[in-house]
């Protein structure tokens, strides 16, 4: 691809397995060290601190996030995220709903990756109640969740472009995302909050039109990605704005519990779909993109590459789609799982999405905890932004790919 | 005849300068590109020099090209920057560009795997620029500037391996010792300004003849002092052997064509000034002769291949000085042995510079050959070498050609030039001439001896088991071949008859076209010199031809037993370094300590006293100084107001007159 | 008196021309961006959405004027006026055809630059007067940017002045009629001037003062209604001035290439001039919708370390050539 | 690493450890810090990341369960560890000195469950406003009828 | 009344006096610099007026004004750099506080 | 007539603005007033037939110098701090001294008189711009060079002064090529962390 010509190509697509068998995995990674000279000793002689309130109403906070930023000139000295503006107590509400009724809330959490969010809850309930899901349903879940991943990354790419001033990319990202939304509309009638993956399977079977749409879309996707690379990746201004910006080391990322593309950009080939395969993922052939600098640009590259890999999975799943039921035929109206707890982890577009669910034997869960990727990914923001310019704050925040619904829940 | 290339002569030094600036600024990262640019530029300079020479041969004559007013101070002083083309400078151009070009090419191979290749080639370019600028200078100030630049470059290049302590020390030594000489040159420049008000050689020449001031009269001596430093004449020669710490191409460059011949060139350029003071010339001749013999003796007992060559260079420089000096030692107005003084001076110039000319080729050849050998053997010690003649054919045979040339065996280049010097000594016909003739002859014997000693020890015998010598690559052998060819044939132009036969301009006719004397050639003198050289070769063969395999270190030198204690003295270079360090430690440092004491106690003490007084006085005045700027402004302003008001009141109309 | 009357008429005409141009430009910008982003753009109000900008203006005029409680009344009020007046006044010396133009000053170009530099004041006023941190940062950035880019801009254009030997716009264009367009002699100068001119007009990728993703709207964050409209108008007027300058100085002004211009009627000259100006404006819009925004330190570095040295090289080279040819 | 092997390893070191639902470890409150050091440093466990940190209210048992999810990237295993706290005055040592990720998650638990983390550098409410009264995820939390106080955004 | 050189001179003197007062009495360093600019400008006006009324055929006065402007620009740059430096070190821009010159 | 009107309007405005400049409490506004005063002076230059100077005045003084001052103000002071004292203790004595000076110099000048020399109707050079350029590069070439050097020196000096105690707040990055050292560092750090 065009962007690779300008950048030293690190070994990508390393199968993570090969690390694990021989020796501890992290030690193997050709890492990258960073020294942050945060403040020199004579720092008591300094200019006045200039507090800037970014958000909660601001074009680039991707929702209602408030960042209290202490500036020195244009340089960020401290950044303190203030969350909770979109806190809708989903965990509390979930405790008072039946198990099937929980699913729609997850749509509103990560509204860009609703399919994945639905799926985690469905699997958690299925595990608690020991429900077997038909294979076709699993295939359909994989298809829609990977499509949703593509949609989410497309949207992210556009928003990231807009964050650093390339507004046109925004529209381009939306244009292709629209096609995926059309597909989802075709199968579940909804364009943002799908509720498609449900306990015991999926809501509806797919239609031939959906199949056709998906194949058409996957045909044009490579060309479109090439377009994006031409528009964005090859642009020197873009490279200047992203390369090395907001870089974190792998150790920092792990310490902050960062997951998903951000972790892959730091050099960790970790993807739950490969490492702890769930559903029917082991049947598919795909790679995990890994880059090593941990900066905005590598996060961008990871996501761009992930789209290609997701497309691979989708086409394989679509080709190998087995016949059969798309959901468990007979499912109790009120599921009563035995006492116990379960923790389900899945790879959502933004990273590791976990659902911790405790059952006390009644029809309602005792406790549901959504371990959302955006929350932990955002927690490293104060570290990433120190020492960078105010303009980089936007780029860094954009590169984290937060969804505020996902953070505040 | 339209001397078009004369117009472009300024490009000859400018191109390397451009290369230096360009490579330093832009291509430091790209080693091969830097090397390529440097080489290309030097080749271009070489081509231009050739064309300039051809035009000169075609009769274009001396010319002052590109005369730029630099410091126009009216009557007091006018300094111009220009390019001066006359036979002497054109001859030097040829020498310098040829040798630097070949050294550049050679360095391509020699420095192939060095990290600092870019830096090296940049410095080489600067060095080339400096030397070419020196050669083409039309006045003393400009020459002095380039003179210093050459010194700087030699510092940079000798200290090329600056992480190595010996190299850094050698660089410092070279810099400071030549600087001692430069002091003389600088004084000469100052005197020039003070007494003559011009820096132009021709004008100085006339003015010098008219002056009687003592300081002005010692002017040539001061110039010679500068030349001594650069050309390594005794006792300022000590930096030259140490300069071997630089990369070998640099040694070749310094020793053959650039730095050391700068002194010779300077004296040759000012020969007519020198010749007006025969005493100084005698000094020059004797110092040259002494250096020639003295260095030759040291060279006999050295073991480092480059050091032997270095002392040989010193010795040959001594020859050149000798020639220059003895030629002018009669004085312009006197005659001796049927020759007018001025003719003899010109003959001295011819002989000295001709030796410079030939020597540049074979000495560069020898150094580059030595570099090739070192490259292959990874050692400098000749005793650790051996048996190379079958392994490195080109290198060894070209080296031997150089050796023969240096030893003065006809018809190789060295013979003609050395013979001319010997003949000149006889031609002068004074006692000094005869003495120096003997000295030169002794030097010739030693030269032949140590050079063949070097060849026999290093190339014959058996190869040490640990070494695996191999022929160097083409970029290194090519310069050797070219230089070997030149070493064989370059001398022929020195002889009038041969030149006439070949229908080319002889060297003397080239150098002084309007002067119809030719270089003298006496078969008897030539015979003696060949005989002496042959004697040296024979003795070398006697001692070293059968080099047993167990002679693997300097301890086995058969000469050691023959010379006994003398050998140790020679091996230690007559302890001159030690003498210098004694002088430094016991005399100079003590003087310095005395000065320091004076400075600390008398000078500083008086300053302290003033300071102390001031503090005391300041305490009285302290309250006035509030430290507030605005207060001061107000005070000044009110003061001004009072003065103006007073004037206004007392002297009506004065203010109006003032501001009109 | 006649002069006064003539002046008033000129000003009125000028104002309406600029206002009309701004309307067209806003419409054009939206259409161009829509075209580049594969969407339709305004298409509801009037045919092809032609009246969209008019409607917007009406909306802006009718909007409530909100003023920040702590803001500085006078300065807050003056800023948008100056922002509009300065580029507006710059048009005084812009000739649009051989004989048509309000006034041709001897030092027309310098006059325009001088007015351009006073625009900075309006931005600083806006930033200070709004009592908003975004506005303040935007204003500071803008001031720094405009001061920095003015230097390479003027230096770049000095080459043209050297060749033309005049500072009068009309004479410069006349010179181009006699010789050829100065872009041929000054390609580097043209590129530098284009870049610096884009930066002077605060257009992307140099639109840091109003970088919406960082500073919401930069120095005019706190402005609403008509005051905002004035800033808007000022920005488009500045862009128009920039493009007019480029066309006059480098692209032969109103000259029609390859024909004898002395026989061409004025209206063709005007049309050609406007076409050229609009092409340059289109180029600027193209920039805006293609490039990401630069970061402030990169921007300053670019101005001082790249543009300025290049401009100096251009100037010195031009001077040398002019000297030699003389 | 198999769960059973882990249990043996841990039980050797911490005899008080219990097993819940055949897959969760329950350790004593005071054992938390040694336990964390143990699992981080033991090569057989090699825990890299604190993946999950939450709490569940169990009013019937009068307990609040702290739930920790530890994960090892090197060995790719996951360990759910529970600590049962007194519901009246829940308090436990903070893990912020070991993992930065504990910072926000502990703040969240403090905010919604009211667990006090000893030694936490910045224990503020994170999701609810600073003047919020009560802890939302407690089972006995009652919603006030209306906002009593205007939130003071500082 | 015809406007002559005296008008300009008196205006210039008034400006000069105002600038002088500003330099001497304002506590802020920046205000001092501003006042110095006023001083420069009053001189500029004098130069141009003399040029215009006494020797209109020459441009010496105007050339001088250009030089003064250059010097003023240099002065402003250096002065304000000093101001920034002072501010960083003293957190204060009141000239009264800056009496370390005293020691 | 027009000349007089222009002179009085801009002259009085300039004096008023200059007074406002030195008297206003708010430094930012002071700077703004100064810009206005400079603009008035530019207008006065035009009345003196020095159009070029007027334009340069706007370009250099308003566009650059005032801008610099405004920058310094914004970067340093709290503009709206009303508590600070405006003037120092020497307000009255300074004002009196200045008034004295003013009256003195005005009376001197008015009494001195250029009455005989004033040539109101002297001819201006036809090409003012060209004349200035020629003068700059011929008669005043030395001054021109000196001023250029001064500007350069001032630029460098200003940079140096403003930069000298800049804190080092930046992110230093270095890519570790050697994999093993990275691994070693990591292992060491993790060990340290555990201890």
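To keep things simple, chains are lettered A, B, C, D, E and F as they appear, and every chain counts its residues starting from 1.
Everything that follows uses one rule, which is that contacts are C-beta pairs under 8 Å (C-beta built on N, C-alpha and C of every residue); 3 or more make two chains touch, one makes a residue touch a chain.
All of these numbers come straight from a predicted model, not from anything done at the bench.
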Q.
Applying the contact rule given earlier, which two chains have the most C-beta pairs between them?
A. E-F
Q) Taking each chain's centre as the mean of its CA atoms, which one is farthest from the centre of subunit C? A) B
**Q.** Centroid comparison with subunit D (C-alpha atoms), farthest chain
**A.** B
Q | Where subunit A and subunit B are represented by their mean Cα positions, the distance between them in whole Å | A | 73
(Q) Could you work out how far the Cα centre of subunit C sits from that of subunit E, in whole Å? (A) 33
Q) What is the distance in Å between the mean C-alpha positions of subunit A and subunit C? A) 43
Q: Compute the distance, rounded to whole Å, between the mean C-alpha positions of subunit E and subunit F.
A: 9
Q | Sites on subunit F at which at least two other chains make contact | A | 52, 56, 64, 68, 71, 75, 88, 90, 94, 98, 101, 105, 109, 114, 128, 165
Q) Using the touch rule from the top of the page, what residues of subunit B touch 2 or more other chains? A) 630, 634, 637
Q: Please list all residues of subunit A that touch 2 or more other chains.
A: 26-27, 45-47
Q: State the interface residues of subunit C toward subunit A in the complex, per the touch definition above.
A: 33, 36-39, 133-134, 137, 141, 204-205, 207-208, 211-216, 289-298
Q) For subunit C, which residues are in contact with subunit F within the complex? A) 75, 105-107, 110-111, 113-118, 120-121, 124-125, 128, 136, 140, 143-144, 147, 150, 167
Q) Which of the residues in subunit E end up touching subunit B in this complex? A) 20, 23-25, 32, 95-96, 98-103
Q.
Help me check something: in the complex, which residues belonging to subunit F touch subunit C?
A. 28-29, 32, 35, 51-52, 55-56, 58-59, 62-64, 66-68, 70-71, 74, 79, 128-129
Q.
Taking the touch rule as given, give the residues of subunit B at its contact with subunit E in the complex, in rising order.
A. 625-630, 633-634, 637
